[in-house]
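Across the two complexes that follow, chain A remains constant while its partner is chain B and subsequently chain C.
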Partner chain A sequence: MSNAFHIVVCAGIVPDPLQTLEPTTGPSGPGIKNEMVLPAVLDPWAASALFEAASLAAKNPGSPQSPSKVWLVSLGPKAKLQQVMMSVAQKVSFELVPVDGPIGGFPDAQATAAVLADAIAAIPGLDRERMLLFGGWESATRGAGVTLQLVGERLGIADQFQGVDQIELHEDGSFEVLERVEGGKHQVSVCAGVPAVLGWATGNLAEPRNNPQVGMANMRTIMPALQKAKTATLDGNGLHYVSVSLPKQQRTTRVEKNMNADEIAAELVAWIGAE
Partner chain B sequence: MESILVLTHADESGAVLSKGSLESVTAGRELAARLGAELTIGIVAKDASSAAAQVAGAAKRLLGVQGEAFAQARFASDAAACEALCRAAQATIVLAPHSSRFARVMAAVAHRVGGLIDTHITAIGGAANLEATRWFYRQRIEAVVSREKRPWFLLLDAGTHPAFAGEAAPAQAEEIAIAVELPALRTEVKGTRAPKQGAQTIRPDAKLLFVAGAGWTKKQPDGQIHVEDAGELILKFLGASGASLGSSKSLVDQGGEGNSVLPFLTHLNQVGQTGSTPRHAKGLSTCCHGEEPHVVGWRFVGERRAVSLDPNCGWTRGKADVVYVADAFEVMKRVNALLEDAASGS
Partner chain C sequence: MATVAGTVAIPESKTMLTLPGDAVRQIQWRFSDRFDLQMLVASARGVARGTVARLVAAGERNTHEWTKAKDEMMDAFDRAGITAAFMEPEEGGFIVGPKNLALGLAAFELAWVDGGAATASLAGFLALSPIHERGTAEQVARYKKLAAPAQAGENRKPWRGAFALTEPIPYVGVDTGMLSGKVRVAEWKDGEEPWLQVDKRGRFITGIAFANFVTAAVNSDDERIKGSCVVILEETDEGTFDRGTATKKLVHQLSSTGDPVFNLKVPASRIVGGYTVKDGVIVPNFNHSEIIDAVFRRTRVPVGLMTAAKLLSAAEPVIRYQRQRFRGAEGAKPGSVRYEQGIQQREDALHRLVDIWATGEAAASMGFAAARLFDELDPLEKQKTAMLKERGIGGGRAEMKALRESEERAIELTKLRVNSARRAELEADPLVEYVLKDAEANVLCPATKLWNTGHGANMMREAVSLMGGYGITEDCPGFLANKWMDAQLEATYEGPEAVQRRQLTVTMTSEVFLAQFAAWTAEMRRIASTHPGTGACTLASAMKLWAWTLNYLQKTTDPAGGKLYHGQRQGVTFALADALSWLMASRCQILDVLELETRGAVDAVAAEGLGGTVQFLSDLCHTQAAQAAGEVSRICAELVFGYNRHPAWDEQDHRSCFLAAELEELEETMPGIMAMAVDVLAADGSHPAKAGPCAGCAGSSEFLRLQSKLTTCLTGSRLAKDRAAETVSKVMIPEALDYPAAGAA
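The block that comes next holds the complex of A and B.
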């Protein structure tokens, strides 16, 4: 049996994790200082979702009349999206569905989900009966783990999985999912079939190498899509930030350069045993 | 006036409330006392009546959804159960544990009842208005938020409140069974699976977090790689100390790049930006540079020490209490020997 999937991946863009972040307050609320000029990357867990989606589509190409396809839906300022897509586009094949809007973790998740759900519902040719909605289980900005779930709920998808590390398809169209649960274990579930929401954790795939041919093919559709991207404004939903600050805790580090291994071990064992 | 619903669920037994649920009960009682609000506890379990006995003295009203369908942690049934409990309680504030089970469904539940949700809450405060504290950018920025709209759902991180430990007794509170109309269930939970056979290395309740970095698999002074020795030393230490094993992303990723790796490590061990943010009283890092994307996962680790050959590693810049500039192979060999001696009483 040949499965054909329509896989929609929701993925935001986030500051490169190595950048220093400093909160600031602007007219529209809190943000990150110089966020627009900080180097940005695709959200790491959402990137896992994109790579898993591409792998799944490649293994299940469907038929020429009804092929599997991957869409990447992303909300962010057009200029930043374009910058990030220059590198992401070289990894795997997808069609970009950009929404021009605010960046960062401080806008309300419910409002973000509403915009993303509307964007997905408007994708031409998307068969929602064959849809797998992918994304990261939490973002590296807000880290709430609710946006993808709300998008799925708004689209009426009744089977959702979060913290996914693996999906395994069965011949009958059902699939097994491994979700992260407490205690370093996976919950194993079997779902009768699509549509479903999968919020990915790390998955099992390494980041694909850059492929300039894939990049060129993607960019042919990405640039026009960016030019036509609709602008979205996000409802604040009464969310009020009382304070936004960097953690104050800065430790005074004792650096021991001259202790031998025996002395260090003795000190560590005493420390481990101390209440 | 506010009214509070604490949503809880049973553990794998189906009849005993999870630790996170009992922590949420404590948070609910504290908040109800502060606001003078009415407190209701909602229970989702295979056997909610038995679970209710644990919190019989905690609230005047207990609502329960029970049955075989609720033995499984599954989106469709859990969302329907929580929605029914919310509609029955009509609370303005809903507290729940940020467990994998409730994190999977609670945003959808909030949406169904016209509410809003904030998650990973680490503290609840505020004088005139209710305020919730949570972290952004993977524990790098802390914010306090409030909302006017109700119902407001707050998912509480584990370990932020003590677990409720009232006397186990027959339920004295008003106990109401809530009927739930289930949608078609297309998902069946088959159970849980440890990622690899062998020792369970992730122990959320351990006092100590032991983190292995990529240095364990790099060339040592003799010019050779000693992955097997590293694995043996680490497992021996975990066995003797009862520590939980964490890892940096770079070490776990090596497996995907075809390099020698520690066979018992998986992405589940990963701590940091794309891993977990565990809560342990102490943390010991070995052979890890202490780069920011990794260290953000240490936000809730109390005392921190590191063993590294690099005297300028990230840990030395205010991220650890003590950094030992030394060879972790040598240090851990001796640590294991001392722990063995202590265990044998010599």
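The block that comes next holds the complex of A and C.
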């Protein structure tokens, strides 16, 4: 059979991980200091999903009448999205579905999922019977861990997989999925067919290099889409955070003057073993 | 203390939140509406902080040879679209129209990490430039197609080129007007195209290790060929195409440089721009000087931007080093001032970084202004050529004569009021626009190359010094020592500082330029009235002093009657060229900050914390304007007074001195005069112990008035520096540099 997929990737933008992420409390609750001015990137987990989506579409192009296609649905300030697109759009082919919304803070996953599901449902030409909904299993910031599942449920997709590292298609339209489980192992599942939700871990693909030719082609649809992006507000639903904090840095430094290299190495090995 | 409604002399204090990001730079450097350029920046940045940084960190600069890893860097340029940035879409590129800003941005991003990598990318453009600027349609089509990266479905490596101009010892770095490379007729059968024998030895030729073709400047060694020309040589041509030995550069080791030897037989169709045959003589359509002028006029700007990038790239690693300097030491406990602020608790460390940062901002502003100007000038130049051709005017002196009227109209335009009816008419004249922009470009290009690289190299040394001993190690984050050393090459290649000063000597006295300069001076005063914190008033005073000095020197002679402003008198002309470059850089910097303030508010990303960013960048402008004013004041004073003979204790100059007895008499009628008189001769003829009677200022009182005004215009500049320093001590920086240091790859 000719596999032609309509792959929708949900991906947010996050501050560049190298930036200083300092928790702060503003009028609307906890957030990250100066987030609007920090350089942003596509959330790395969701970025893996995008690259896997593009690869899957390229390997399964479908037919000229019914080609595979990738949409990137992203919620964030459109000026910020535009900045991120200058790099992301050069990597793989996709159509952007931007939703002009707020950045920062800790939005309610239900509200976010509702906005994303509405945006996906409104994509012209999207065949939901052929849809694969991709996204990140985790997030580089403030991952609620449930947003993608909620989007899937709102769109009526019951087959959901999380921590996905691989998808392999079968001739009969079914597909095999590797999901991460404990101990560095994968759980193997076989799904009868699309539609399905796949929350990606890192996958197996390297980040594609920037290619301005791809970027220029994408920009023909991205720039008009950004100009027409609908505005969304996220209802807090009474959500209230008691406190937020950065993960504790696990780093202990000891200046050691009286041990030789072998002794230091032995202690390191013992420490690693104890961990 | 209000000066003008809505403004205050001491601006409200605001703090910049983070280092200026892309949204800010795109507005300042005027490409916020060009997503093709924004993508090029993203792409070049990826290669610079990825592939290039890893090469540097892994020690690939430690060999002069062209290695596989360095070759892979060129492939990375191809994949990232950097190579194609020079091409039109139909040639395999993705940017439509003039490419000066594009090439400048790509060079800027690459040089942020390594100048040699930037040079490696530029060298290919340099080789193609003679063909792009003056080549025949066939030449342009062939070589640009070959040099374009492979398109989807193609399996080929793009051709790479080298530009062979300079020649070997004893003629290292020869003047571009003098060549030893020769071309003669090898074979010329009746009715067929002639074949040429090209004999050229190159020295310091960039990109030669991997060049598939070379554009070489040669002189005729045959009465059947007229003058000089540039010829295209291919590696498969009949004869010797010897790449020679690698130059043992101490800098820019990620670019290939060598001393090739060519002895090749090529068809005459390889003469760049073609030729005609007149009375049995091959007459190249363009001599090598005409081609080189067109090439270097544009390619020098990206070089200036490279040094600017390095200066700005130094801010983040220096701040991090300063703040973390004492962490880990026994005496610096977390929470203590020493732990939290490190060296930044000392004003000197902050002030010195402010100076470096201000220089980087000014250099970038001037370089990008020059690049944009050439983007505007390119189509105008074509339009001018077409218009003159319609009138039967071909070029050379005829063109200069034809443009004289346009120059007069242009000068008139600079003097008209904004609401003048005549203004619209003159502004609509493409020839007027051309001569204005041409005159500006003729100054801005050499000023960028001269000041950015020359003064930039000095300031890179400052940046290295701020890192202490760490600065001169390979481990120094940001590769600052490499960048310092590299800056010296940037000040040298593509025309060393003396060449730029020489060009400025001529172009800065153009009437059209000086008319614009006067208008810009008035513009700075107007800006100062609404933006007193930018230092625009200081700059305007310095510009006025410079213009007065130039005018004075052009009319004045030395004690021996020799003209002061003369092409051969570089002690005068070059110094004035230096001073002008300071002024131009400072002006561009101020204009960029105004642009940010005006347009930043409507950009959602830039608008966040805009007040603080504008405040900081304005303070840098003020700091830089004060530096520029100081340089101009010093240089101009030296030139105005330095060529006067100092009075001596001789008979003639004694006449201007008081005699002690004479003073005593005068004291009776003019009490206090004895205290004011400095040159007093005793009865025995003895005099105070100094060089001679103090020099007067006859003829220069206006200079002293202007200089005095300039001095007082420095008021507030150190307060601006203090504010900028405070911001430097507070601004948020990333946790880590986004490219590795040595050994981390």
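Everything that follows uses one rule, which is that the second predicted complex is superposed on the first by the 251 of 275 C-alpha atoms of A that agree within 3 Å, B and C clash if a C-alpha of one lies under 4 Å from a C-alpha of the other, contacts with A are read in each partner's own complex, and residues count from 1 in each chain.
FYI, contacts are C-beta pairs under 8 Å (C-beta built on N, C-alpha and C of every residue); 3 or more make two chains touch, one makes a residue touch a chain.
Owing to the predicted nature of the structure, the values given are computational and were not obtained by experimental measurement.
Clash or fit: chain B against chain C, after overlaying the two structures on chain A?
They fit side by side.
For A:18, decide between first (touching chain B), second (touching chain C), both and neither.
A:18: touches chain B and chain C.
Touch check for A:79: first (chain B), second (chain C), both, or neither?
In the superposition, A:79 contacts chain C only.
Quick one: chain B or chain C, who's touching more of chain A?
With both complexes superposed on chain A, more residues of chain A are touched by B.
For A:210, decide between first (touching chain B), second (touching chain C), both and neither.
After superposing on A, A:210 lies in contact with chain C but is clear of chain B.
Of the two partner chains, chain B (first) and chain C (second), which one does A:228 touch, if any: first, second, both, or neither?
In the superposed model, A:228 contacts neither chain B nor chain C.
Which holds for A:201: it touches chain B only (first), chain C only (second), both, or neither?
In the superposition, A:201 touches chain B alone.
Touch check for A:110: first (chain B), second (chain C), both, or neither?
Touch partner of A:110: chain B, not chain C.
Once the shared chain is lined up, is A:87 touching chain B (first), chain C (second), both, or neither of them?
A:87: touches chain C, not chain B.
Between chain B (first) and chain C (second), which, if any, makes contact with A:140: first, second, both or neither?
first
Rounded to whole Å, what minimum CA distance do you find between chain B and chain C in the overlaid structures?
7
Is there a shared patch on chain A that both chain B and chain C touch, and which residues make it up?
Touching chain B in the first complex and chain C in the second, residues 18, 253, 255 of chain A appear in both lists.
Using the touch definition from the top, list the residues of chain C that touch chain A in their complex.
17-18, 21-23, 35-36, 38-43, 46-47, 76, 79-81, 84, 94, 151-152, 328, 603-605, 608-609, 732-738
Which positions of chain A touch chain B when the two form their complex?
For this pair, the touching residues of chain A are 15, 17-18, 21, 23, 30, 32, 44-45, 105-106, 108-110, 140-146, 149-150, 152-154, 158-163, 165, 176, 178-193, 201-206, 237-247, 250-257, 259-262, 264-266, 268-269, 271-273.
In the complex formed with chain A, which residues of chain B make contact?
Per the stated touch rule, the residues are 73-76, 99-101, 103-108, 111-112, 116-120, 126, 131, 135-149, 183-184, 186-195, 200-204, 208, 241, 253, 256-257, 267-270, 273-275, 282, 284, 291-293, 299, 303-305, 307, 311, 315-327, 330-335, 337-339, 342.
Considering only the defined contacts, which chain A positions touch chain C in the complex?
Its residues touching chain C are 16, 18-20, 22, 33-34, 36-39, 77-80, 82-83, 86-87, 89-90, 209-213, 215-216, 219, 223, 253, 255.
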